[in-house]
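Note that chain A is present in both complexes that follow, paired respectively with chain B and with chain C.
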Partner chain A sequence: MSKRKFVYFGKYVFLILVAIISIFPMYWMIVSGTNKSVDVIAGKILPGNYLMENLKSLLDTTVLSQAMWNSIRNAVVSMVLNVFVCSLAGYGFEKFHDKYKDKIMSILLLSMMVPTAATVIPLFRMFGKMGLLNTTVGCILPTVSTAFMIFMFRQAAKSFPDEIIEAARIDGVGEWGIYFKMFLPIMKSTYAAAAIVSFMNAWNSYMWPLIVLQNENSKTMPILVSGLTARYTIDYGSMMLAVTISTIPMLIIFFVLQKNFVEGITGSVKS
Partner chain B sequence: MKTKKRKIMGWTFVIPASIMIVIFNFVPMIQSFILSLKRGSGTNMIFTGFSNYKRMFQDKIFKMTLSNTFIYLILEVAIMLVMAMFLASLLNDKRLKGKWFFRLAIFLPCTTSLVSYSIIFRSLFSVDGFINTILTNLHLIASPINWLGNTWTARIVIVLALLWRWTGYNMIFFLAALQNIDSSIYEAAVVDGANAFQKFTKITIPMLRPTILLTAIMSTNGTLQLFDESMNITNGGPANTSMTISHYIYNLSFAGNPNFGYASAISYVVFILVAILAFIQMKVGDEK
Partner chain C sequence: MKKKILAAILTAAMTIGMVGCGSTSSSDNGNNSASNTEASSNELTVWCWDATFNIPAMEEAEKIYQKDHPDVNVNVVETSWEDIQTKLTTAATSGQTDTLPDIILMNDTALLNNVKNYPDLFADLSDSGIDFSKFASYKTAIGTVDGKNYNVPFDSGVTALYIRTDVIGEAGYSIDDFTDITWSKFIELGEDVLAKTGKPLLSAQAGGPDLLIAMLRSAGDSMFDEDGNPNFAGNDVVAEAVEDYETMVDKGILVEVNDWDQYIGTINNGTVASVINGCWITSTIQAQEDQSGDWGVTTMPRLDNAPNATNYSNNGGAGWMVMNDSPNKDLAIDFLKNTFASSTELYDTILPTTGAVATYLPAAESDAYSQENEFFGGDKIYEKFANYGAEVPAITLGQYWEEAKSALGTALTQIQQGQDIQEALKEADDTVSFAMSE
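On to the complex of A and B.
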């Protein structure tokens, strides 16, 4: 019995240590945003009262509010289109499947192996010719349809009963009606999970926006934050505040929709 | 009449998404291959055959970034998956109190964007950063260590950052899989006199095989394409010794004089590596 207690004690010590290591960098990020740069360097890890000054310095020297707006707008538009286009396809590939569609689906899945670095150069040239550089459309377009998301919805659509579709057809409901009035509401937890994954990907995306958005006013948060490290003297206080601000939306989504969040990450790739 | 209409609807649903994947993934992939056979810039590009591919063998920076990427791959994926599995099996214990807190805490790093956490780690490990301040104050080191200015410490900081960001993410997959294992299997093993270690190696690991395969493929794919961290934690330095392949491709095409042809050739190498490793992992995962 005492041996078991000893093992449990060890487990707790280990887990608490891991929890501290996991939380500390984020705690440090938040706290440093409220401190003067010199205090951050001196190793201060308690909240300070320099938050407003840091915020003012960010607003004065960067396009913070513009970047925040760009990020939110791009991520929301991208999420809505991504979830809509891919859920439609996932539903179609599952409920209207024939040998051609099955073949197309397996070809589309191959695109998951295509590395971003291999497509950005031709895409950059293509978008340059089409005049889409520095535009929201240019930033979002390549992420609207993803094989991963189509696959996720196709797997989810398997659990949607064919009887509902048949019954609706007999009642004279059109195919769009079935999709919008039955599939969408019944599968809403899949949609929630997919929306979170999609928003998170769009919010965090860095390489493509960095290439396509070269104009100061079209910058998104990751690009703005990344640019702060290139300064001659780094102001740790305001830099950490910027990092914190760019993390807040994800933290809110995580705490409010925790269950869907985890479901979105694991559920999307099950089976 | 009705079935024909239904058929058209089916295609209407799948065609927009399919066409977009073709335009934004497959077409660039082909264009990228054509580019990789060319030299020059802008509209004056001429075919040079496979010279871009030959050039890689002479390119010290390419070799460096390739080996760096593999160093990150081997260190990170191996340590992370073991850690994730271990943490998941600790947290799968029904008698453990405060599980929800540990799960939450370990998963929390996943809410940071790749750029954000890169900058947090860059700041923590900078010469005047928190880690050096603490170590100096505790008298563990006499003078600050230039973590990001030395080859191996810079690489290790990148690996530590990756572990911090992704262990919790992978742990979630293992936890979900562990919850699906029937507890009666473990009870039977206890009756047969199995100890904790045997239970872990003889039951848990075999049952987790599909999840191990999945997380291994995902993290291999991710690590081979590592970009944000290399760019934001070390900026590839010192002297390119911590740079990843994707970062090098970016530098070749978008920083300084663009060399799209050569960059495309290298991007094809990344593609082939991703494909080969995914294939090997699937073969290994299937056979056993």
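On to the complex of A and C.
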């Protein structure tokens, strides 16, 4: 009995240690936002009273609120479109039959192997010809459809029972109706998982927004933070505050969808 | 119920998105076409970095130019140097140069590479009427490619030895003991300071050869010879600098840290008693207000044996370039000519607020440069920087600066692991030659 207790105790000590290790950087990031730059450098890990000064210097020298709005807008629009388009595609790939569909799918999957850096210049040229450079549409359009998302929805759609579709068809529901009234609500945990992944990708995306957006006022948060790190004298306090602020929307999205996310990853539909 | 809420949220998100999308893209389009048509050529778009240094300088220049040209505006887009390079490369290789601004700030070390790779991208300023002889000669040399001037030099990266006068005072020295000395003398003093106070003199990023390159430059030597070939193997100046560096590491006078943040830490936390770096490090040192009055500024040490050894060098700095395809090219050139290339008033105004030391020589004669600085014990540090700047030897930076820098860093690490100096330098030569042949 006491041996078992000891193992039990040991397990918890181990887990607590691991938890501290993974939470500490996050904690330090938040705390650093309330400290002076020199204190951050000196390794101060207690909250300070320099938060307002850091915030003021951020607001004075950057377009913080504008960048925040741009990021949120781009990420939300990109997430909604991405999840909608890719789920339609994934659903279609799985539930409708065509002799070329597997070939098309493998071409799509091959496109995942091509690194973004290799496609940037052709894409930039293309958007230049289309007059979409320096526009929000130009920034969002390439993220609307991604091979990974289509693949993810196709895999998820495999667990969606054909019987439901057949039953619905017999009852006279149209194909769009089946998608919106059956597939979408039943697969909502997959949607939640996809939404988180998609939002995160859009929120963190750097390279494409960087080259496609040219105005100070169309800047997104990652680009704003990059500007902060490029100063000759880095203000670590306000930089950490900017990073903390830019983490908040992602946290909100994650916590709102968390329950569904876990289900979506593990698979939840039973036929 | 839940479904309805979800649907409502999604619809709302979509609508907001679409509305936001539509309005912004149209206004963006508006701005875009405005900056790219001849008709409304009163706005100059500038890409540069650092909202506490370059950007206020540019904004001050705008104010000065507006006195005579009230209808001209400057639109500064804060962009880090790496990002400017990415955007330049993308625009140049895809031929979409109309996305570029009118003026960019270019890191000195990257100028040659960019001008050689994209010769048509940048405006030739040779016949613009700008008097380039008024700038520090080493700076003008950087912006001159094949006899043509491509940039208006801006800030100085002139190196200085910043030293904690309180620490060396404890060891019985004054700043004069460290002024105009050689590296061997510096090492001798460093050993004594370390023994008496327990503090090493210098810190550096491990594998980051900034200090080595500054040492080379102080002797008029570069990582490249005049023909642009790598200049490591068989170069006595490089070998001497590496040996001095190694001696300092071995004796504990120089501590190596892993990254830039830690390097700043060694300065602000008082781990080390001195700093050798470009004068842009001043505000980082001043950030630690507790140390006010404890610092002094003097010249960096010189190499003992190198034939052209001086106590002056440079690390960093940038200059303004005009884009050749800009519809506002003439306005942009006129703007730079009347501000950064002739206005001492501009340099006077930005010095106290940004600490940007000019390479425009007439600026150094003004009152702003003779201000005493309390943090540095009442020393006229800016006057010193300006004077040092005039003495920095002009060198060829070389087109493959970054490649050479990383090769030298690798060589340094290998030497520390016991490899023979000449052998490691030969390897560095080969690495750079290989990168150049690609």
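Keep in mind that, in the parts below, the second predicted complex is superposed on the first by the 230 of 271 C-alpha atoms of A that agree within 3 Å, B and C clash if a C-alpha of one lies under 4 Å from a C-alpha of the other, contacts with A are read in each partner's own complex, and residues count from 1 in each chain.
Definition applied: a contact is a pair of C-beta atoms (placed from the backbone, for glycine too) under 8 Å apart; a residue touches a chain by one contact, two chains touch by 3 or more.
In this text, all values refer to a predicted model and were calculated from it rather than measured experimentally.
When the two complexes are overlaid on chain A, chain B and chain C occupy overlapping space and clash.
More residues of chain A lie in contact with B than with the other chain of the pair chain B and chain C.
In the superposed pair of complexes, A:Thr233 makes contact with chain C only, with no contact to chain B. In the superposition on chain A, contact of A:Ile211 is made with both chain B and chain C. When the two structures are aligned on the shared chain, A:Ile41 is found in touch with chain B and with chain C. Applying the stated contact rule after C-alpha superposition, one finds that A:Met29 touches chain B and leaves chain C untouched.
Legend: residue contacts after superposition of the two complexes on their common chain; A:Val80 is shown touching chain C, with no touch to chain B. Look at A:Asn49: by the touch rule set out above, it reaches neither chain B nor chain C.
When the shared chain is aligned, chain B comes close enough to touch A:Ala117, but chain C does not. With the contact threshold set out at the top, residues 41-43, 120-122, 124-125, 207, 210-211, 226, 229, 234, 236 of chain A are in contact with chain B in one structure and with chain C in the other. Considering their complex, residues 8, 11, 14-15, 18-19, 21-23, 25-26, 28-29, 32, 40-43, 45, 85-86, 88-89, 91-93, 95-96, 98, 101, 104, 108, 111, 113-126, 141-142, 144-147, 150, 175-176, 179, 203-204, 206-207, 210-211, 221-222, 225-226, 228-229, 234, 236, 239-240, 243, 246-247, 250-251, 253-254, 258, 262, 265-266, 269-270 of chain A touch chain B. Note for the complex: chain A touches chain C at residues 37-38, 41-43, 61-62, 70, 73, 76-77, 80, 120-122, 124-125, 128, 131, 133-138, 140, 185, 188, 207, 210-211, 214-216, 218-219, 223, 226-227, 229-236.
Within the complex formed with chain A, the residues of chain C that make contact are 3, 6, 10, 13-14, 16-18, 20-21, 24-25, 28-29, 31-32, 45, 49-53, 55, 75-83, 86-87, 90-91, 93-96, 98-99, 101, 261, 264-265, 268-269, 280-281, 283-284, 287-289. Those residues of chain B lying in contact with chain A across their complex are 6-7, 9-14, 16-18, 20-21, 24-29, 31-32, 35, 87, 90-91, 93, 95-96, 101-102, 104-117, 119-124, 126, 128-130, 133-134, 137, 164, 168-169, 172-173, 176, 214, 218, 221, 224-225, 227-228, 231-232, 245-246, 249-250, 253-254, 260, 263-264, 267-268, 270-271, 274-275, 278.
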